[in-house]
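Across the two complexes that follow, chain A remains constant while its partner is chain B and subsequently chain C.
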Partner chain A sequence: MSGQQSTTSTSIGSRLLDWSLRGYVVLVFVFIFAPILFSVVFSFNSARFPTIPLESFTLHWYQTIWNDPDVWTAVRNSLIVSVCTALIATLLGFCTAYTDYRYNFRFKSAYLALVLLPPTIPLIIMALAMLAWFSKIGASGQLWSIIIAHSVLTAPFAMAIIRLRLNQMDRDLESAAWNLGASEWRTMREVIVPFCKPAIVSALFLTAAVSFDEFAISWFVSGLNKTVPVLILEIVQGNIDPQVNAIGTFVFLVSMTLVIVAQIFFTFRAGKSFS
Partner chain B sequence: MNQPLVTFDGVVKRFGDFTAVQQLDLSINAGEFIAIMGPSGCGKTTTLRMLAGLDQPTEGKIHIDGQLMNNVSPHQRDTPLVWQSLALFPFLNARENVEFGLKMRNQDAATRRKKAMDWLERLGVGEFAERNVETLSGGQRQRVALARSLVTEPRLLLLDEPLSALDAHLVIRMQSVLTRLQRELGITFVYVTHSQSEAFAMADRVVIMSNGEIAQIGQPRDIYREPANQFVAEFVGRNNIISGTVTGVSDSNLIIQSELGEFTVSDHNKVTAEGKDVTFVIAADLVEVSRSPMNKANSVECTLISEEFVGSVVTLFLESSSGTELKVQLQERELSTLDHTAGGAFYLGWDSDSAHLLPA
Partner chain C sequence: MARTNFSGFATTWRMPIIVWQVLFFLGPLLFMIAMSFFLVKNYRMVEAFELKNWEKMLTRGYFWDSYILTFWLASLTTAVTSLLAFPASFALAFKVSPSVRRWALFFLIIPFFTSYLVRIFSWYVILAESGVVNALLAHIGLGPYTMLNTKFGTLVGYMTLTLPLVVVLQTFALANIDRNLVQAAHNLGCSPARAIYAVIVPLAKTGLIVAALFCFILSFGDFVSPYYLGGSKPPTLPILIIDTTKSGQQWPRAAVVAVVMMLTLISIAFAALALAYRKRASR
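And then the complex of A and B:
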């Protein structure tokens, strides 16, 4: 009897733990997604202030941003910046990752530490440093100054992703290509890049997403060339306006799409073509 | 006299302080099937990689077909290698893998496709041409890798332990595939392995390496029956190695005193003098075994320790009264006459001609 009792009590205890852990997970998701969800809901609400109860459904705020030339310019700027950043950062990341894979040299660990450093620097410090540096060399306030700054920031992410993939590569694969008559450049094109393709695509999307969302550096460096996050801050500073919710919803959709595509390419494709 | 296809002249390869290959002199004839065998770290793979140009010799010269190869980069050579890991390109299907070498030689798509298909068919994997190589079995992948190396019709094919990842029954089948291909194509195979059975079964000549040096070169039979030194005798296995001192020389026979007893060994070269320390080898399959004392030139009384059963052949491990382990190899059907499961003494014996004296 006593044995039965103790099993009952432990099962109650473990069930309690079970439920509290589930509750914890739910809470985490609530805290992450509730604000975004609210923002989405209020972007379709006709009231000027975010209050409950909701008023009627409207697309008015979306129409407002659609008709706002500033928004269009900002979206265009953001797209140019994120696409260029993605290309440059992924190229840089690939080269660094390949250097790490292929060569051994003195101070390699110092080299790797330096390469991976940028994301660990507080953004505000990096942004200020970039601004000071760019104005010194007369390059501030340009779209391409944001591109340079973002490439520095995001290249380590690309490098980390591509490096993971290269580490899965059979060491003999490259030599096998040489052995079959491929020069080093041809091997790069015919073997290394195809092998890394899932990681490269993933790095492109992820760096684009980071660049598209990035605010601090853009705000300091952009000058008159506002990107979307910079524009959002300006709207919020001016007045409380639900069109921010509409823009926010749009930005959220864009970045989520980029990140999810990156994730799909990295986990699914990489997992499938390598065992 | 034909010029050899490949020559190594005093080739040395060092990696930092480590000498992988020291003072290698070797020539390989066109159309020969040569196996390079040795324990891991003996320099056999490095030797092969130097032929492919993946490692450069530190000293010495390597010629292929009369041409000095020392500074020719891998992709400019025609020395395809079959890798231990196979190193098939996972992002290409079987046919595209085979086409790779032809593509690098800028052959057009139609020719490439035809040649690749011919080779896949020839090796019996034509039906898997469009399959992802990751979905093929070990044996099928092996054949794709072989097709990929042969499709460019090289004069020299390098193989680095290509069968080590296969199941035992597939190894035997692939061995016959390889020997048949080599004979039909008439090209030179350089085959690196640590497996004695693979080397002996396939090769015309076997090179045994130890610590970066050649321990012996010869036909499989010679290496098996007449090992050149103790390393080879031990490496080849299934040999009883006995050391002792010469106490008498009569005609072409030596009387050798060892801790196992006194033995008579033929010495056809008649170079060994009395009082010298010598080592001789008696192959396990040349030893006879009986349950009663034997009337042989050499005999030892032993007790049975264990037996190893490999199908038709059985190896008995025995111990003499002085604690030395001896091996006897015999046909499984002979075993029944021995009543070996009962305890008691076993008598081993051999002719003085059967023993092989190791050169001092």
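And then the complex of A and C:
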């Protein structure tokens, strides 16, 4: 680029193009993060119908939700659901990732399709199917029906993360442990699981985040046991109520923390090789 | 001894997900398909095998209005999002350093896992008659524009859902193509625009189509944007499912809508993948 002195006009042109492309990327990011940013700003703003210029600073909306027992119940339900979902989904994801890593068998592509398909099916369809199925087997309206549905939905994410980690493992590591006399179970416990640990932690946090934000299935199968997103859905259906911004800011904070922790474990810890 | 141990070990890791997905993924989906043939008598569902729900839904004008609207909105979103995402993905793939690209992808993944519902509510406030956008436009003497309860509002909502994912998938597709081929095109005197059209897009075709496919699936199945930002008149198919399930107790008819949606998405997916993996005619 810098060597092309003779074609100054085109290099200025291409540099201009490069900078406008970068500016465009910034615009895309503004579009993506604007709703998150405004939700946080408006949660501290006294206006009932927030716009700019902003009115005065207030903690009123936070006080409102702090004093609302429904919010507390919903938070408790959400925590139970996402913790249980994370544990089940990560366990299922680990089993599947290891199977895919180690074994070849007939119908393996059907097996993988069965595992990986759920996230590609629209949530509203899954919601209706789950509602009907849980009523059929007499299990609707329970917290654990949400947990089961969320594990189906999030296990593929856990599987993918752990599978990527297994890709980084030297195939000889496992055989070396066997040759040294360790049983398959012991090799699993002392070689494979420790190697996958960052990915397992990452999968736990990521599946918890997905579960914490999911509202369609929760809304259909939860009955009276509302989770936080279902509560938000019901408030939003009523009127414009800025306390949604306060709850929303809390939800963003929780899920962003979960996702960032997941990514830190995945990208930085997983970078360290096994020695 | 070793042999039995071996198979026991393998089965332990293989079986859990099979049992789980058959019970709680295949089971619900198959039951929903069966349910579309059930009857509702005195507000109670009766197991049967009748085509009544299918007749009821497929002969109604409002069903087809919804279908056409949903299909049209999802197609529009796919086209607009893919086009608007491309320059950004292009810049992230070719014009920034690898570390900037990593950070950009890091931030693009975050919104995918944060509350979509709250983001849509935020747009509702931002796009309102007296909202932020109109307040800004008033400063330069424009507006106010009605953006809520319009197709524009719905599109903004769908893009909130799909744009980050499409940029991520497109960036992966573009970053993975062989730089030497792009360089060769430049060396042979290919203009930048022609290099994109004749070299880069064909090489990244599979990834670009997969990104568009995900965009279509997500917007086709979303009920939040068309409901809160689009005004839901007429309702899209997902809203129709909710209305039929929640207020009418007509689960079998909702199942008909869901099955039609699934069939549509499966056809679209097959068409898209066939297109994505089709060998280019030799030149």
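Throughout what follows, the second predicted complex is superposed on the first by the 267 of 275 C-alpha atoms of A that agree within 3 Å, B and C clash if a C-alpha of one lies under 4 Å from a C-alpha of the other, contacts with A are read in each partner's own complex, and residues count from 1 in each chain.
One rule holds in what follows: a residue touches a chain if its C-beta (ideal position, glycine included) is under 8 Å from a C-beta of that chain, and two chains touch if they have at least 3 such contacts.
Here the structure is a predicted model, which is why all the values come from computation and not from measurement.
Enquirer: So if we stack both complexes on chain A, do chain B and chain C clash, or do they fit?
Expert: fit
Enquirer: With the two structures laid over each other on chain A, which partner does A:141 touch: chain B (first), chain C (second), both, or neither?
Expert: Once the two structures are laid over each other on A, A:141 reaches no partner at all.
Enquirer: Is A:183 touching the first partner chain B, the second partner chain C, both, or neither of them?
Expert: A:183 sits against chain B and chain C alike.
Enquirer: Touch check for A:173: first (chain B), second (chain C), both, or neither?
Expert: The first partner, chain B, only.
Enquirer: Could you tell me the angle at the CA centre of chain A between the CA centres of chain B and chain C, given to the nearest 10 degrees?
Expert: 100
Enquirer: Give one of first, second, both or neither to describe whether A:22 is in contact with chain B, with chain C, with both, or with none.
Expert: A:22: touches chain C, not chain B.
Enquirer: Pick one for A:191: touches chain B only (first), chain C only (second), both, or neither.
Expert: A:191 contacts chain B only, not chain C.
Enquirer: Give the label of whichever partner, chain B or chain C, reaches more residues of chain A.
Expert: Per-residue touch count on chain A favours C.
Enquirer: Please provide the least distance in Å between a C-alpha atom of chain B and a C-alpha atom of chain C in the combined superposition.
Expert: Between chain B and chain C, the shortest C-alpha distance works out to 5 Å.
Enquirer: From the superposed pair, tell me which chain A residues show up as contacts to chain B and also as contacts to chain C.
Expert: 183-184
Enquirer: With touch defined as at the start, can you tell me which chain B residues reach chain A in the complex?
Expert: The contact residues of chain B facing chain A are 52-54, 73-76, 78-81, 83-85, 87, 89-92, 100-101, 103-105, 132, 134, 148-149, 152.
Enquirer: Spell out the part of chain C that touches chain A in their complex, as residue ranges.
Expert: Those in contact with chain A are residues 5-6, 9-10, 12-14, 16-18, 20-22, 24-29, 31-32, 35, 84-85, 87-88, 90-92, 95-96, 102, 104, 106-111, 113-126, 128, 130-132, 135-136, 159-160, 163-164, 167, 192, 214, 217-218, 220-223, 228, 238, 241-242, 245, 251, 254-255, 258, 261-262, 265, 269.
Enquirer: Which part of chain A faces chain C closely enough to touch in the complex?
Expert: Those in contact with chain C are residues 14, 17-18, 21-22, 24-25, 28-29, 31-36, 38-39, 42, 49-53, 91-92, 95-96, 98-99, 102-103, 105, 111, 114-115, 117-118, 120-126, 128-133, 136, 148-149, 151-152, 155, 159, 183-185, 206, 209-210, 213, 215-216, 220, 229, 232-233, 236, 240, 244-245, 247-248, 251-252, 255-256, 258-260, 263, 267.
Enquirer: Hey, which residues of chain A end up touching chain B in the complex?
Expert: Residue list for chain A touching chain B: 170, 172-173, 175-184, 186, 190-191, 194-195, 197, 273-275.
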